[in-house]
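The same chain A turns up in both complexes below, where it pairs with chain B and then with chain C.
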Partner chain A sequence: MTKEIRRIITEYGRLSVDITALPVDADLYQAGMTSHASIDVMLALEDHFDVEFPDGMLTRSAFESITAIEAALLKLRAEAAVR
Partner chain B sequence: MAMRVGIDLVSVDAVRQSIDEHGERYLKRIYTDSELDDCRLEDGFCAERLAARFAAKEATLKVLRPQDEAVPWRMMKIVRHGAGWLELELSGRAAALAADAGLSGFALSISHEPGFASAVVVAEVDLRNAPGRPMMDP
Partner chain C sequence: MSVSVGRDQAFLDAVRHIADAHAAPNADQVDREARFPAETIEALREERALSAFVPGELGGGEVSFQALASACFELGRRCGASAMVFAMHQIQVVSIVRHLQGADWFEEYLRSLAAEQRLIASATSEVGTGGDMGRSVAAVTPGEDGMCAFEKQAPTVSYGAHADDLFVTLRRGPQAEPSDQVVVLARKDQTELEPTSSWDTLGMRGTCSPGYVVRASIAPGQVLPTPFPKVSAESMVPVSHILWSHLWLGIATDAFERARAFVRAAAKRDPGTPPPVATRLSHLMSELSLLRAEVSSGLAEFLDASGEPGRERLSTMASALRVNNLKIAASEQAPRVCQGAMGVCGIMGYKNDTPFSVGRHLRDTMSAPLMLANERIHQTNASLLLIAKEV
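Presenting the complex of A and B:
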């Protein structure tokens, strides 16, 4: 999952640094991701992982690192599994 | 009277690419129906106007200072009046944050060129109107 998240951030995150060199807990906003780019990342994640981020999860911290994104996706998948 | 101010700058190309990549999903997630109507062209949407509205929403967040709370973009609505000026209409969580912080008198200005769009939002802060705040001496 980390590899796929990294690929999506590479494609949509518009970072000002090389994402392959970024640790999983690096702050993506500090690395140049704008709020608008985070929307593209979110929509691309939804497409790829077949999930939908509810409004309540659209916080800055949910998209601030690869680790945070992975945690959010796992939470969405877990919630979908019990429905 | 204290004031809060927020400013934001958005790339018009970024908005154009989001429309190309994600289409309706992007548009419906971020903008209200009336905002989309205000930005509609005969053959699509005006990316400059949409970028300016996105900048206005981000500038509003800087005024609301939501910490790490989710504030859906559609709860910050940019309303265009007939004569051309814009106003901000808050609802739901955005309106609650404004009330909690004692914010009122929101004013908004936007600008755009082919490359970038920007927006500035200001609001008055009256701590006496903020629920849960200690009473202040007159």
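Presenting the complex of A and C:
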């Protein structure tokens, strides 16, 4: 999953640094991801993983690192599995 | 009556008195001469209103946020520029109080703000960012003496020449990305303001908001511990839009009151026949009600979300959309109400020297859609709408 997230961020995050060198807990906003770019990342994640982030999850901090994004996706999957 | 309700009440009584006794009689001169509303701000200092929101343990008045919003409304009814200066100062105070995370320097600062009734101005916009507050060019730059320096080109700094301290957004460091921002509080004795433009405007003339190059040398402890994006989403943006919309509502309410006084005077002159403009006043009341409803629901939702542990909901996109809509709606509706009041009062409203004059009200509220341009907010909303679910 980390690999797929990294690919999506590479494509849509418009970072100013090389993402392959970025640790999973690095702050993506500090790495140059703008608010607008973060929305493109969210849309691509929803599309790729076939999920919908509910409004309560759509915060800046939920998308601030690869780890945070992975946690959000896992949480959504777990919730979907319960239903 | 609980202690907090009593505190709010006493604070609001004092502000109402200041609005009537100091803001109202000076409003026309402040507007005409584009001068700082010094009498009103001095009276607010004497009532310790500048530290009204500071916690009691730091020497402040510890009033509620609702009370601050009501104070903006009351001042707005009497002098838009006075209300705007008060509102802007409180935006910085609320942002610091909510995000200082126990930092020593900021606690000590709030103590001195309360003791000396210091007035804070802000330099959050910047030349070269296209009006985007979420990006900075200027950076906190460490010097050799353990101090930090910065130089920022600020296109408008409201009451900059009259403030004691300056709330400034900057990049975290010389290598930081434009969006990696922090807030710095620079004291006047650390700051140099070089004027770059004038302030001869259509309205809000008393806010005295020319551009400056801001240069300062500060200690590292003067950087607020909470990063600016969080301060912005949880406090600065919603608080700005709520306090501004309250004062715009205040201005529009006074314009409506003047129109009503005009219609009553006409009715008294000719008893038995309702004046033809009476129905226009009824239309105007509907417009004012819409504005009032939007402003009060915006405040109520912010208070709900602020009361939740962690205030996480304020960081959601749905919350950003809500508060952006408050700004757009209130800033467009307030001048509409003022123009409607002018329609009721006719030439008596258009003239600057009658009891029914509403020219200043109209001009002051015309600044509302421009301060943080609504088109830019629409652009942000358009992008948030792509991903937010419930709006």
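Please note the rule applied: the second predicted complex is superposed on the first by the 83 of 83 C-alpha atoms of A that agree within 3 Å, B and C clash if a C-alpha of one lies under 4 Å from a C-alpha of the other, contacts with A are read in each partner's own complex, and residues count from 1 in each chain.
Heads up, the rule we're going with is that contacts are C-beta pairs under 8 Å (C-beta built on N, C-alpha and C of every residue); 3 or more make two chains touch, one makes a residue touch a chain.
Everything quoted here is computed from the prediction, not taken from an experiment.
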Item to check | Which of chain B and chain C A:Gln30 touches, first, second, both or neither | outcome: second
Checklist entry - Which holds for A:Ser16: it touches chain B only (first), chain C only (second), both, or neither? => result second
Next on the checklist: I'd like to know which partner A:Thr59 touches here: chain B for first, chain C for second, both or neither.
Outcome noted: both
Checklist entry - Can A:Leu43 be said to touch chain B (first), chain C (second), both, or neither? => result both
Item to check | chain B/chain C common contact set on chain A | outcome: 34-36, 39, 43, 46, 55-56, 58-61
Item to check | chain C - residues contacting chain A, complex | outcome: 134-135, 172, 176-177, 179-180, 229-230, 233, 312-313, 315-318, 380, 383-384, 386-390
Item to check | In the complex, chain B residues that touch chain A | outcome: 10-11, 14-15, 17-18, 21-22, 25-26, 29-30, 54, 58, 68-70, 72
Item to check | chain C partner contacts - residues on chain A that touch it in the complex | outcome: 16, 29-36, 39, 42-43, 46, 52-56, 58-61
Next on the checklist: List the residues on chain A that touch chain B in their complex, please.
Outcome noted: 12, 14, 34-37, 39-40, 43-44, 46, 55-61
